[in-house]
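Next come the structures, one after another.
Both complexes below contain chain A, partnered by chain B and then by chain C.
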Partner chain A sequence: MAISSELLSAIISFLMTIFILSYLIRDNPLFRAAIYVFVGISAGYVAAVAWRQVLFPLLIEPIWTGAVFSNPAQAILLFFPLIGSAFLLTKVSPRLGGLGHLPMAYLVGIGAGVTIGGAVLGTLIPQINSTFEAFDLELAAASGRNLLLTTVNSSIMLLGVIGTLAYFHFGARLHSDGSVRRNVFINILTWVGRIYIAITFGVLFAGVYSAALTALIERIDSMRIFFNQITLSL
Partner chain B sequence: MRVFAVAIAFSVGLLVLLGYFVPSETLLVDVRLVLVQWAVILAAVAVLVGVLNLLGVHWQKIQRRQKGGAYSILLIVSLFSAAVLGIFVGTDSPTLRFYLEAIIIPAEATLMALLAVTLVYASARLLRHRPDLMSFLFLGTAVITLFAAAPLPFGKVPPLNLLSDFLSPWLTQVFATAGSRGILIGIALGAITTGLRAMFGIDRQYGGN
Partner chain C sequence: MADIKCPMCAKINPSDLDECKFCNARLKPLTDELSRSQPPIRPGDQPKPIDTDELEPVLPQWLRKVRQQNRDSADENAQKELEKEEKAAPKDNVDLLAGLQSQSDINEEVPDWLAEMRSGGDQNTLEEISPKEHDQASSNIISKEEPLEAGKGEASTLPGWISDLGTSELDSKTDKVNQSETFPSPAEEKSSAMDFELGAEPEVSSSFLKDATDSISSNLSGLEDNSLSPQNPVSEEPSQSIEADSDLPDWLATIEEKNAKNSVMQEPAQPELTKGESEQILTNGEDPNTLAQQAAGQLSSENKVPDWLSSTGEEAASAQESLAKSESNDLQKPASDLPEAFSSTDKESREPDPGQDLPTDNLSGGIDGETTIAENEPVDLQNKEVDAIFSTDMPDWISEIGTETKKEDGATPGEAQDLDPVDLPNWVQAMRPLESVFSESDSENLGDQTLEEQGPLAGLRGVLPAVRGAGPSSKPKAYSIKLKASEDQQTSAALLEEMLAKEINPKPINTQPVILTQRIQRWGITFLLGVTIFGTIFAGTQIIPMPTRAPFETSAAMRYIQEDMPADAPILMIFDYDAALAAEMEAVAGPIVDHMLLLKQPRMGLVSSNPIGSALAERFMAFPQANHNYQSGQNFTNLGYLPGGAAGVLAFSENPAAIKPFSVNGEPAWETPVLQDVKQLSDFAAIILLTSDLESARTWIEQTENTRGESNFLVISSAQSGPMILPYVQSGQVDGLITGLNGSAPIEQVNSGRPGTIRLYWDAYSLGLLTAVMLITFGSLWNLVSGWQMRRKNSIET
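Moving on, here comes the complex of A and B:
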């Protein structure tokens, strides 16, 4: 009897689900086997995507087809990543690995530039703006919101933002009695910040738990469908 | 070599950073795009180096007949089959799609499903080991948010409707927004500091002491 690819996919999917769920009992060889296969397939898939989507079209193909030789500008543009790639590949060898520091420094530099730019323009400025825009009573009046309630809620939010930031402030001063303590005002703000952080993580926990529960229900449903398929095929 | 590496990190970091803050028609923006494209190529090579390193570690485990070597054989076989198929046949080939649908997606979904059980276990442990105000606030908020979002079989009956209509939105939109805003600003400040330390060579994540 020939097994269709759909049925084979359902059988393997079912086995992977059972093997991984077996971890609920305890760590066992079936769970480990499933995880090693998962890691292997994922790593192979990522390597294939890196080759097919990035390296081949951007680096190898222009050289392979000779397009780079007819266009000096493209040749110059490809020269640096080609040399960098060769240096980076030396990381595999412990003896030549030092050469890989240069392209790694390049990647870290680019990463740092992108991170700082993204943090300033994408997070810091918009978040600070939003904190103060909440006090915009004209906007609140235009959207029909209660002005007193908006002011109270905005003040609670401002206190929360400052408190949360104070919680992550670990600076302390040496006092005359030799102890190292934080400022009393910062300590009060830190305590307030802890309350906000507890509530924030509670909401995040609820979100993650909902997603995990959805995944569990989907897996149980997929097993039910698999049993139905098997029953029907028999 | 070390000075050269720091100079590279600083100069490319500065060029990319300046590219964010200058008008979009300038040459600096084009330079930033070229630099980022080179980084994409080098990052793809770094992925390959990582995969080769993974292969090397597990190959050594098999050669030295270490404990768990049988799992390493499984890993190497599955890695090779996916990589060879993906590279030579294409990432959208039916066989690789089969791997994706039969192994990767179910495994990821089941790992996520495991989280549903482990989170409940972790919550119970939290209450047992740290029964303080913050733990009760954390779990209380989680329970209120979950109850408010859940479609209850008996509908929105008082006083449960207060949870979904008033308390949960207030906690989520005022307190949690403020907390997450503070955390995000903190993360951004931390990212800026870390980025500057990397650019100036104070932290050298790329190697070289």
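Moving on, here comes the complex of A and C:
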């Protein structure tokens, strides 16, 4: 009987699924073998992707073919990543590892700047504006929404935002009795924010459980398909 | 002149008095007059030769008498002859006192009176002493008129028991000399003693006599060295031995003279005798009756000498007598029936108990039942000469006796008044370290009459000079031991202390009753979920209805796809989810993509900021959407992995063709029919992000905020990241959001049930959620009940 690639992949998929589920018993070699296989394959695949999709077509091939020399500007642009890559490779040597600090500093600096700028301009300011606009009744009326419900919803949202922010406010004052407590109003907001945070975590837990449950269902369905294939092949 | 207040009795005394007329306490320090009359000795100053004749008034009475005697008995010619004899003496003669003479000749600092006294002593030492002189010396010991003058200094520096010890040893050794000329070694001691007991006549040899006398001399020298060692060691300053020699009592000096005489005549000394040896020799060497008779005869004339001193004199007399006998080799009688008390150097006889009369038992017991001197002659310590012996540096008990004697005699302490300012001899100046450190003028300028209130100098005034600069120049700064801390600092410290206290104090662990072990719980949950999911999946049930009403964010996405999305428009699909969630993401994205491909047939560019994403994109197009027969390079182009994270996304959003010029197949992606009209990000009609990670969604939302233009931005997310992306939908940054199976189920129903994956999963998914809800609810109720029961039980117990 010839084993098709689909059947082979189904068998491997089934075995790996069983190995992973064997963790229900306890930590065992089958589970660890499956983990090692996944980690190794992922790392190898990432390295292959980086070489095949990034390094070779964007850095090596232009230099290898000499195409970059026809465009001096492109050649200059390729010079910096080439030197940076060479410096990063020196990190494997303790004596020459210091040369890798320069490209690392460049990467970290660029990454931090881009992330912070995007967070401020793409998240913080738009979210603050969104909170303000929730009380824009003209916009709500224009969109055909119920003004009362919009106001209630906006108030609930605003209370949740303020309460959550108050929950992360740790300032306190020393009272006459020697105790250090937060303001009563802040305490109330904190209590409200705690509720919102609890609901948020509950939603996140439900989402994680839902995603994991869907993955489990898919695996069990794949097992069903495998058994069906085995049954049909027999 | 101002009166002086007595430091002891606090009574006023005239300033010219040195001692209090009421309590006899000293009002001025002994060194007061000397310090005022003498210039201070600076460090490095050479001693000046001073005529010490002027010091004679300062000398004690006994010393003046000795000096007078020496003046009478000695002359300069005799001294010269003595020096000649010393030079002519054999070098092997070991005389500890002989070397002192030569040293004294070199030392010009020796005062005249001391030189005269030394010459007399040396003369007597080196000359052969006749038995008559011995008798005279012995009589000096017990003489009432001239009692122990030469030994005053020695007795004044040595405790009584040491003096007695030296005397006893002297006596015993002298007796030994009388008995035998052979000095027994410790090993031979016993046999020699037996010889004496058996009446064997000991051999008389000159060596034994020499050894015994040398040992006596060494003992005496040791005693003298002890008294002189603080200032001048004998080895370095032999002249001091002469001074000590001159301080010896007459009886002791006589013995020493005898020893010196013997040492001149005989060989060098053997090791000194031990106590036991001397006792043994004393026991065996002399007839106790003879000793007792001699002692009684001598002590009978010494009515006012204390018992212990009488015993000392008796022993010394007996020693001298024995010494005289030894010269005549009168060692005919063996020892027999010697009383124990007399034969032993009893500690009590050497160290009288202070506060009581000296013991007389030694002699009384030692004279073998005969009438003792102590019984016949009561002790009288009022002898002035005896008092003079122990007037200085005496133990307390002797000093007290001396004080009483002075009072009874009515003698005024006028000797101190006789101390006129004189030039001190050099050796006395060298013993004044105080003035060599502190300037005397400074102390005088300060008018140092400070009354010492504590310590051994309590009651004395002006004994310690107060010199400027010796102490602190200013009052020491006062420092408070209280910590200076502000209220804020104290508050912070209290807060820190409270925090540390909370950390240090262990919190009791609230142990809840274990319902089931974790393994049982795990297997229980697995069984429930397995039965639910396996049953529904393998059974293929489709009982539970799917939702038909989509939330507004899903409706917005459907509305755009159905109405606003242009046909055959380029769209960008971003595959940023992990392989582990590929099943969910494919199930969620399948209906909307299928619906979009059916309605609009868009040209799709595929890209991923996740290295796995490109493969997942190929899988997505190959399997879930296989029925659309979309071909790579014709209907879609997989741009592959976009490196650089947020920076890569930002760069791609600004110039996608420059950042990802090629597809995963190596073809120029932006020259293919799929993307040939796309030059920038905003040229895409829609950007659809498939993500299971909030960070990935936020990166794309944030970095493409300014480059998307009019492109519609839709997000298809996993159920775990959907709630966190929803605010971006409400803020208008995301046009539509499809989250999880619940969000995609209405789209699948709208899409005529295609591809049907959600329907296939829906029963298992719903039952799985229900099972989870039931388990969580059951567990919460169980904990609530068990907690309530626990609190109730605790309340009952308390």
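The criterion applied here is as follows: the second predicted complex is superposed on the first by the 217 of 234 C-alpha atoms of A that agree within 3 Å, B and C clash if a C-alpha of one lies under 4 Å from a C-alpha of the other, contacts with A are read in each partner's own complex, and residues count from 1 in each chain.
Throughout what follows, a contact is a pair of C-beta atoms (placed from the backbone, for glycine too) under 8 Å apart; a residue touches a chain by one contact, two chains touch by 3 or more.
No experiment lies behind these values; they were computed from the predicted model shown.
Of the two partner chains, chain B is the only one that A:92 touches; chain C does not reach it.
In the superposition on chain A, contact of A:216 is made with both chain B and chain C.
When the two complexes are overlaid on their common chain A, residue A:13 makes contact with chain B while staying clear of chain C.
By the touch criterion stated above, A:127 is placed in contact with chain B and with chain C alike.
In the superposition on chain A, contact is made by A:208 with both chain B and chain C. Of the two partner chains, chain B is the only one touched by A:109; chain C is not.
Contact with chain B, but none with chain C, is seen for A:165 once the two complexes are overlaid on the shared chain. In the superposition on chain A, contact of A:180 is made with chain C only, not with chain B. Taking chain A as the reference, the larger set of touched residues comes from B, when chain B and chain C are compared. In the superposed pair of complexes, A:150 makes contact with neither chain B nor chain C. Overlap of the chain B and chain C interfaces on chain A: residues 24, 42, 45-46, 49-50, 52-54, 58, 110-111, 114-115, 118-119, 121, 123, 127, 130, 200, 203-204, 206-211, 213, 215-216, 218-219. Of all the residues in chain B, the ones that touch chain A in their complex are 1-2, 4-6, 8-17, 19-21, 34-49, 51-54, 56, 68, 71-72, 74-87, 90-91, 94, 96, 98-117, 119, 134-135, 137-146, 149, 171-172, 174-189, 191-192, 194-196, 198-199, 204-208.
On the chain C side of its complex with chain A, the touching residues are 491, 494-495, 522-523, 526, 529, 533-534, 537-538, 579-581, 583-584, 587, 611-612, 614-615, 640-641, 643, 645-647, 650, 661-662, 664, 666, 692, 698-699, 701-703, 705-706, 718-724, 727-728, 730-733, 739-742, 760-761, 764-765, 768-769, 772.
Looking at the complex, you find that chain A touches chain C at residues 24, 42, 45-46, 49-50, 52-54, 57-58, 110-111, 114-115, 118-119, 121-123, 126-127, 129-130, 134, 174, 178, 180, 200, 203-204, 206-211, 213-221, 224.
Of all the residues in chain A, the ones that touch chain B in their complex are 5, 8-10, 12-13, 16-17, 20-21, 23-24, 32-55, 58-59, 77, 80-81, 84-85, 88-89, 91-92, 97-98, 100-121, 123-124, 127-128, 130-131, 153, 156-165, 167-168, 193-213, 215-216, 218-219, 222.
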